[in-house]
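We just call them A, B and C in the order they show up, numbering each chain from 1.
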Amino acid sequence: MKKNVKENIGLVFANIFFIVICFLTLVPILYAFSVSLNSNNSLLSSDFSFIPRHVTFQNYLAVFTEEPILLWLKNSLILAVVTLVLSLSTGIPAAYVFSRKRFPGRKPILRILILLYAFPSLLSMTALYKLLSPMGLINTKLGLIIVYTGTEAVFALWNMKGYFDTIPVEIEEAAMIDGASPLQIVMRIVMPLAKPTIAVTAMMVLIYVWNEYIFAINFMTGTDTYTLAGGLYSLQATEMSGSWPIFAAASIIVSIPILIVFFALQKNMAAGLTSGGVKG
Amino acid sequence: MKRICAIGMILCILTGMLCGCGSSSLSEEEENTIVIWHDKEDAVIKVLEEQLKNTDSGIKVTFEKKSDLTESLKMVGNDPKAAPDMYLFAHDKIGVYAEMGILAPITDIIPKEELEPYMDNTIEAATYKGEIYQLPLYYETLLFMYNRLYMSDEEVPETTEELYAYMKENTKGGHYGFVEQHSTPYYAAGWINGYGGYILNQEGKPGLNQEKTVEALEYHKKFVELMPGETEYATVNTLFNEGMAHSTIAGPWLIPTVKESGMDVGVAPMPVIEASGTPISPYMGVQGIQVLKNAAETKPKAIEEVLRAWMDADVQVKLAKASGCAPANETCYELEEISSDEVVMAMKETAENAVPMPNVPEMDVMWTVAGTLLTDVNMSGKDVQESADKAQQEAENLIKSMQ
Amino acid sequence: MKKKKKNILFAYGWAAPSLLLILLIVIFPIIYTGYISLTNMNVYHWNNYDIIGLDNYKDALFVLDNGFIKAFGMTVLWTVVSMVLQLVLAFIIANLLNIKKLRLRNVYKTLLIFPWAMPGYVSILLWKTGMFNSQFGLLNQWMEKLGFSSVKWLNTNFLAFCCCTVVNLWLALPFMITIIDGALQSIDKSYYESALLDGASWFERTVYITIPMIRQIIAPSVVITVFTTFKQFDVIYLLTQQVGAKTGADIHTIMTYAYEKAFITNNYGYSSAISVIIFLILIAFSIVTNLKPKEEGAV
């Protein structure tokens, strides 16, 4: 009984803590939200309030009617989904062998892969251009997908490998004795147990593709090839024509799909070892 | 194992797809397709497109808005598959691209004599190492603007000292007599040029610690003290737009915004700097068409036709009406519809003293160095001469590193 | 013997697609940059550049002056401060998110990663103009309401450093929280149960069970974050140094320093040499500080 009271008090405090911290995190976003509901064309205002005096949904309407945002959304979705599938289908087998198998070159490769992050990539774009252009991949979605998958591959490999390492190997051995093929082991045993890390990796890839705009605007030409992030960038790129409220509205709209996906992924993330009932 | 096979297959197909290209000569259809990159507002592009419709040439022109146009061009400039055929941009990158060898002189297509009607300084702006690289369409300069609610037409300062007196009197209680992007080189250049100094001269030599430049910085500082401690455009424009600043120096693109918010905005000639007797002389940017070398070689006919369509003075008049662009063609100013346009005429007047933005490649590094110098002087309160010497040294080093 | 060979083939076969992509997209640019660093590719020799040997490296050594050393020190400070704050805060938040009866867990998590769901330039712009702006920013409006005078947040070095750290934290925490939260899921709850039976306190459980258990899982992400923090450019550049919006603060990390001293010259040969030098310095630094994911593995 006493324990319960203590627990409940703790819970109340935790909730208060999270409400405060969520509010602090959201201040700039609430700001953008308020700007997006404002009828004046300004990001700045001398008397700001979170609830604007003249609320208007005009800017949201404008985003959908004046900008080809649905087209951008489609482009972003295609890129994100294909990159995600490619990343996981190349990353999971690689992470698995680096976790389970011992082979010459394994340690040095792992070591080198992480060091690659030390490279300042300011000039990488030119190099990638030289690589993709002869293959005819400039101005194609495929080119961007390859770039995105490659960029996230090191993270995918290392991140999932780290998690695979913590999964006890005994079950796999048992399955192997039962005659399961490596593919079956990965699909039926490892993947269900590694849900949290797969979800995190997927999240990471998704967000990267969703927010990436430098490659998207440089490797693709024409308004109809923009991704959401690229289109958004073009909305604010020229200081003369930028409309702040529309930009703010577009920013909010861009982030909503990611949040929905994240919310949906939550369940998967929690369903790791706890449900598997594996003991080490 | 199946999965691996599948992935292997995909990769094979990919490589197969990648290698299937590489024909050299253009078909007739390709020859008649022109791609133009730009970063302009829709109104401008619409006028240009309309004009092409009048000529029935069968040439298909596609405009593509490109956000990072200058960076992209560096990357794709000499790759005919990805590069545009022409682009519409300000003249100040001409030197860089000409040196890179991706631009064709405009005179390869249009004989020089035919460029006669254009204002001299627009042609001067387009000239790099003796060659003309741009067909001018319109130009823009900063303008002195004021809010008639606070500053009456009689109060508009004719000299900078009058401006200073006005600022002293009216900068209080959250209001500013005058604001500008004081520590941004593009804006401060007006003061430096007007004083007889320069950021970079025609030969590509920096002049940051020239006597006149230092004097200008010194003089400008007392104005800065009466302005807010921010130099970025959002702050400055909002102050003016919300009626908290009575006057400003800003680009013509600000005018539609402030008019929309209901301001009675006036445009006046730049105040004269007493010490030199010259008005504040901002940089002039000339917007025009540049032709890429590849395109000039492979489809000169189509390009010539498109360029000729836009040489029609009528296009520039339409641009002026659509988007307040000041025509580069001298003859336009004889027309009533242009000479009655307050904004365009103010730009024309400012343009008489304005300095074309340097188009030499060296300018690329000057924006950063001059920006640092201005913030050092105006915002960190460092000694002017010392900072100028340091910046000059820095600029010279950087220019040396360009080679 | 044959089996071993088959095993190796199998491993490389499975890893091949991923490694091939890394080779193309990550390693090729490094090799290319290395090659360009030996040439005179610049505005004046854009397409007709030649190999000129190590001249660029000789020039680049001039950049390694006092300013560079100062910037390097600043970068180390920046990285340490950012990483410590990030790890501590993310760890606390992730732990609290895992309180058993926290019903709204998923809502909190989703809200907390909101900063991650926006392109970086949007967030930085929002902070710069919306929060920190000295005339109109929300912070100063609050300061005034509380009766303080307004502050120029980004104009002086110390404040600007703090502001940049806050923004960087804001941008990076969602990732760290997600990673640590994911790692916490991997811990078998039975460990805690037996520890509780032994009467271990929360602190003891954290130090003896949680941290050792998650260390290995989060290590790669932490190391990667250390590198990206070290190379952080956008936050500091866009907040304080962007051309046309400089604030007067003089905080340089090695990346912003290299940008102002080399990258703006359009001299790709020279800039590439500097990139390679920074790459080597970072690798050396990571070896000296023994920064690497521990690799014992559970097997």
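By our rule, contacts are C-beta pairs under 8 Å (C-beta built on N, C-alpha and C of every residue); 3 or more make two chains touch, one makes a residue touch a chain.
Quick caveat, the model's predicted, so the values are computed rather than measured.
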| item | value |
| --- | --- |
| If a chain touches chain A and chain C alike, it appears here | B |
| Top-ranked pair of chains - ranking by C-beta pairs in contact | A-C |
| Chain centre separation in whole Å, for chain C relative to chain A (CA means) | 16 |
| Whole-Å gap between the CA centroids of chain A and chain B | 37 |
| Where chain C touches two or more other chains, by residue | 14, 17, 129, 133, 135-136 |
| In chain B, residues with contacts to at least two other chains | 4, 7, 233-235, 238 |
| Junction residues of chain A, two or more chains touched | 43-46, 89-90, 93, 126, 182, 233 |
| List of chain B residues in touch with chain C within their complex | 4, 7-8, 11, 74, 77-78, 96, 99-102, 181, 183-186, 228-235, 238-239, 361, 364-365, 367-368, 371-372, 374-376, 378-380, 397-399, 401-403 |
| Partner chain A, residues of chain C touching it in the complex | 7-8, 10-12, 14-15, 17-19, 21-22, 24-30, 32-33, 36, 93, 96-97, 99, 101-102, 104-106, 108-123, 125-127, 129-131, 133, 135-138, 141, 170, 173, 175, 178-179, 181-183, 185-190, 213, 216-221, 223-224, 227-228, 230-231, 233, 255, 258-259, 263, 268, 271-272, 275, 278-279, 282-283, 286, 292-293, 295, 297-299 |
| Touch list for chain C against partner chain B, complex | 13-14, 16-17, 20, 42-44, 46-48, 59, 62, 129, 133-136, 152, 155, 242-248, 250, 260-262, 264-267, 270 |
| Chain A residues touching chain B - in the complex, by the definition given at the top | 40-46, 89-90, 93, 125-126, 129, 133-139, 142, 181-183, 214, 217-218, 221-223, 230, 233-234, 237-241 |
| Chain B residues within the chain A interface of the complex | 1-4, 7, 14, 17-21, 37, 39, 41, 62, 64-68, 71-72, 75-76, 79, 81-82, 84, 174, 233-235, 238, 241-242, 244, 251, 253-254, 257, 260-261 |
